[in-house]
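Here you go, one structure.
The chains carry the letters A, B, C, D, E, F, G and H, assigned in the order they are written, with residues numbered from 1 in each.
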Amino acid sequence: MAQVAVIMGSDSDLPVMGKALDVLAEFGIGYEVSVASAHRTPDKVTEFAHSAADRGIAVIIAGAGMAAALPGVLAAHTLLPVIGVPLSGSALGGTDALYSIVQMPPGVPVATVGIDAAGNAALLAVQILALNNSALAEKLAEYRRQMAAKVEQSSQKVQEEL
Amino acid sequence: MAQVAVIMGSDSDLPVMGKALDVLAEFGIGYEVSVASAHRTPDKVTEFAHSAADRGIAVIIAGAGMAAALPGVLAAHTLLPVIGVPLSGSALGGTDALYSIVQMPPGVPVATVGIDAAGNAALLAVQILALNNSALAEKLAEYRRQMAAKVEQSSQKVQEEL
Amino acid sequence: MAQVAVIMGSDSDLPVMGKALDVLAEFGIGYEVSVASAHRTPDKVTEFAHSAADRGIAVIIAGAGMAAALPGVLAAHTLLPVIGVPLSGSALGGTDALYSIVQMPPGVPVATVGIDAAGNAALLAVQILALNNSALAEKLAEYRRQMAAKVEQSSQKVQEEL
Amino acid sequence: MAQVAVIMGSDSDLPVMGKALDVLAEFGIGYEVSVASAHRTPDKVTEFAHSAADRGIAVIIAGAGMAAALPGVLAAHTLLPVIGVPLSGSALGGTDALYSIVQMPPGVPVATVGIDAAGNAALLAVQILALNNSALAEKLAEYRRQMAAKVEQSSQKVQEEL
Amino acid sequence: MAQVAVIMGSDSDLPVMGKALDVLAEFGIGYEVSVASAHRTPDKVTEFAHSAADRGIAVIIAGAGMAAALPGVLAAHTLLPVIGVPLSGSALGGTDALYSIVQMPPGVPVATVGIDAAGNAALLAVQILALNNSALAEKLAEYRRQMAAKVEQSSQKVQEEL
Amino acid sequence: MAQVAVIMGSDSDLPVMGKALDVLAEFGIGYEVSVASAHRTPDKVTEFAHSAADRGIAVIIAGAGMAAALPGVLAAHTLLPVIGVPLSGSALGGTDALYSIVQMPPGVPVATVGIDAAGNAALLAVQILALNNSALAEKLAEYRRQMAAKVEQSSQKVQEEL
Amino acid sequence: MAQVAVIMGSDSDLPVMGKALDVLAEFGIGYEVSVASAHRTPDKVTEFAHSAADRGIAVIIAGAGMAAALPGVLAAHTLLPVIGVPLSGSALGGTDALYSIVQMPPGVPVATVGIDAAGNAALLAVQILALNNSALAEKLAEYRRQMAAKVEQSSQKVQEEL
Amino acid sequence: MAQVAVIMGSDSDLPVMGKALDVLAEFGIGYEVSVASAHRTPDKVTEFAHSAADRGIAVIIAGAGMAAALPGVLAAHTLLPVIGVPLSGSALGGTDALYSIVQMPPGVPVATVGIDAAGNAALLAVQILALNNSALAEKLAEYRRQMAAKVEQSSQKVQEEL
């Protein structure tokens, strides 16, 4: 059953947002994925946000570019934490999406991650879910250990090559 | 009867958005004014946009700051032209609002004016309404003439003072 | 007969500005197109703006890059609504054109759309014309429905592929 | 018992970060507060992050300005979700802190809120805690209803005054 | 007789643009001053530019803020060198004016000085006029010597105070 | 004999700065060209600036990227007008060079043109030289007429193609 | 005897640059201070840089605003490490000075500290001098300990007040 | 024996950071190189910084991109001078790394060089080491002379080609 909903403004965002799906799969977390636009399918977005908690969703990850209203509009219609992923690709290189997502008004926060950082959005969702799931917390600790080991290996590789 | 709806995200925006009301009043155009937030009162915004045309509104002017989703969300729910006014006042000096309003995705435009330029938003609404109202067009022409005359007067004043 | 004039600062802008022409054609709206520069052919721009209303033009769409004076100078010489399209392509990625177009002084607004968003400029023109053309309004509503349907289809495609 | 730890880089950040404390108190959530600097007291920060989960902390809120390393360094030493608040006040108006907090590398996310948006950081913490606390979820729903009611009241006030 | 024309978009620009007048007066160069707006009095601007050379003007200094079209439009209508002074004061702190003035398209340059640097605009005009006026060149050399002497004096004052 | 000196910080700047040489050649203006760096060959720059006027140079065009000190340092050592060309190519896309060139302190102006706008720098030099050379002024007028004619031709071409 | 030279572009920079002097005095390091401008007194700057090492100077701290050429020009004329302090105060808030100082071309580095961070410039000088002065290194260690203690005290104060 | 430690956040930074190694090798300075991340291997970074001085390291060069905490965290754990190299490659083009490195809080400076300027970081390290190594100082002087000679050669090449 899906605990995380991944939603993006356009199917052209899938190459970036797919990193979130990979991470969720790696942690064995059920997810659903959809395309919806705060500007082109606003009613779907509203309905999606209203029904998410009842469907068992705990965290929503929303990626959008340009005047990226999707994460904020979702946050306006749900009490679930919404993680926003600003997408680059416009002439403004993602600063438009970053500002549109992170600068939410008082009362309705969006947990914003870096530009195009869909993988980190998924990890943040895992960290939230791990608060009440010790097995997941242990997987996360192991993930971090492996990540550190990879950095250490690349350090040794660099030293050997030089 | 109101032809123009002026809507803003917070009553603290009134000192800036009031310039739009002054201009509309000067041209004798009926207007309505409300406070609504795409993030704090999203249902009101949706309903507002859906009902605007039926209430006789022809143009919507929406001012918002920070992650300024209001103009775009209104535009998503109506076919009327929506004029967006990015408001300064945040740490980012209005670039956040500007990018959040102007960088709309394909399909749903917002007619964006300058930062805090509520008076210009109203003049743009007047220009749109004047397309089918020759009396209004003449008022607008007169407004421009007076504006030019004021510039000329200030030029003479500057020359006399020096 | 042309209701919309599309004007651009250079013929190298045609690949971007052509999106506006496509949208206008799709809605069956007559348009004229020209190349003129506020800096290289200023007299043509002035004459163009002065004569536009008399030629039956209702809305002007102007695209320009860099120190993009074209939309503002047109607006200075006509009472018709002018929609400005900031074009990217310079070293500053279009922020120069955006600021040059949107930050108009009090009295002479330009309805600014996103960087390179010529299609949206045309849709905004359609929205303005539809205020007094119910057939056009219905076409616009249908356009929006199809746009929403495409988003929904891409959502289903993404779900099927995963 | 404290469920949320609020940490800031300097006691001069308290006027802004205090908004987080107010929100947490309003929701009846236990919190602890401390001043620590990733650059001036790095060992304390490390120890703080390592021991947080054992002390019963579920969410860390960290505010910092300039080269705001605090949230990211905390996130590096804990599996708990870390919410970062970029603080303005430097010559760069908070863009330095925003970029330093939000642009985390793959593997270690920080949930970033708007510049100086400490109140929103606390609300995000409440949303995370409410995932497993239905009473808190209901308080949050009520908070949103009151927030919407205030917007509606300010709308009526604006209409009456005009 | 005026050799330099100083023109500004609004009489509110006089406190800044007055620095240009002071410098010109200090060098004994005749100047004329006017207020004209590329957007509000475009015909005056065109006429001004067309007639400047015939009136004996050799250099035009134009200050403007926001979508600062004035220097570029003047340059489009004259072969005289036009010096542009971007003015701050808008929400964008003068970057809008700077980009609007300096980023001219190929064929029509504007000699741009720093934001609010009206005094430097006048000095640049003096340098241009001094190319064919050796007395003026000597005055300029003396001006530089005095400027250097003042820096040296302030250096000594700083050393004495410490 | 050379009336204009073109100087650049690196021979890798030649593809951009070569546009200045082309324009000067087109107008039959003698020029000299050199590579010198305010940071790598500072003594050569100083000597170059000191001797320029005596060599018959009237205008200096200096192109530089990044921390582009060259135009300003030249201006510090000569009374001749110095035209600065900010070059892109760094990670900051030329904003570093633009700010480094245009934001000169009071007393020592640099006439700045757009990023990579070496052709415009040459045209500005031509405009300055034309103040005392009516044949050159006439060439410049003809250049402008041809430029306008080309815009008009491209306008007709666009209209024919559509 | 002076080991560190502190130089600034204008005596108006003293309130900021004075923080460097305070830190140097606190560590008992001899310093000299002067005002010199890369643009207004270029010869003095050159001479200053050439003679610094012979005068016994080991590190140069240079503060400048706007097109801040001073640190880079000093670095061009000396082999001593030059620490650059970008100063705010211009319309661009110090980004102009930051870019002008930090973006040096290959071959001539400037050690850049934060905007207005003159105190940190002095500490960096101390760190460099401490490489060969163990007493100074111990003072620096003590300075860090006291700094950490102050942070800890402010943490306790914040906790007591709440 | 290594006098300079070069450390980078990822082995993908080696193509840029390798320029530092080349320069150090050219000057015959012993160096060590490692990969470590302030966020992924924080304990290694701390240990590295704590032990650097005891290993004989005099200067640390640290390159990092995005929320580039590495140089600052190293600086927090050592009294050795730390030279930070902001790396481009993110959507923000290196401004994120630049701000994250240069804007250090009072008390803990990082000597920041230009974006991707790893070669300059090494030269700065050489300049620091040369303070107590006259042979190295002479090599540095020779390096500068050769650099100037290359600029002069490229100047002659440009002149010959034209």
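Descriptive notes on the structure:
We adopt the following convention: contacts are C-beta pairs under 8 Å (C-beta built on N, C-alpha and C of every residue); 3 or more make two chains touch, one makes a residue touch a chain.
Just so it is clear, the structure is predicted and the values come from calculations on it, not from any experiment.
Looking at chain A and chain G, the chains in contact with each of them are D, H.
Among the pairs E-F and A-H, the greater number of C-beta contacts is found at E-F. Taking only C-alpha atoms, you rotate chain C by 90 degrees to land it on chain F; that is to the nearest 5. Remark: chain D and chain E have CA centroids separated by 48 Å (rounded to whole angstrom).
Measuring from the averaged C-alpha position of chain B to that of chain F gives a distance of 42 Å. Separating the CA-averaged centres of chain C and chain E is a span of 34 Å.
Within chain G, the positions touching two or more other chains are listed as 10, 37, 40, 66-67, 90, 92-93, 95, 102-104, 107-108, 114-115, 144, 147.
Of all possible chain pairings, those that touch are A-B, A-C, A-D, A-H, B-C, B-D, B-E, C-E, C-F, D-G, D-H, E-F, E-G, F-G, F-H, G-H. Contact residues on chain G toward chain H in their complex (touch as defined above): 58, 79-81, 83, 98, 102-104, 106-115, 117, 119-121, 123-124, 127-128, 130-132, 137, 140-141, 143-144, 147.
Those residues of chain A that touch chain B in the shared complex are 9-10, 37-40, 42, 46, 65-69, 72-73, 75-77, 90, 92, 95-96, 99-105, 107-108.
Listing the residues of chain A that touch chain C in their complex gives 10-11, 14, 21, 32-37, 40-41, 44, 66-67, 90-93. Partner chain A is touched in their complex by these residues of chain C: 88, 93-95, 114-116, 144, 147-148, 151-152, 154-155, 157-159, 162.
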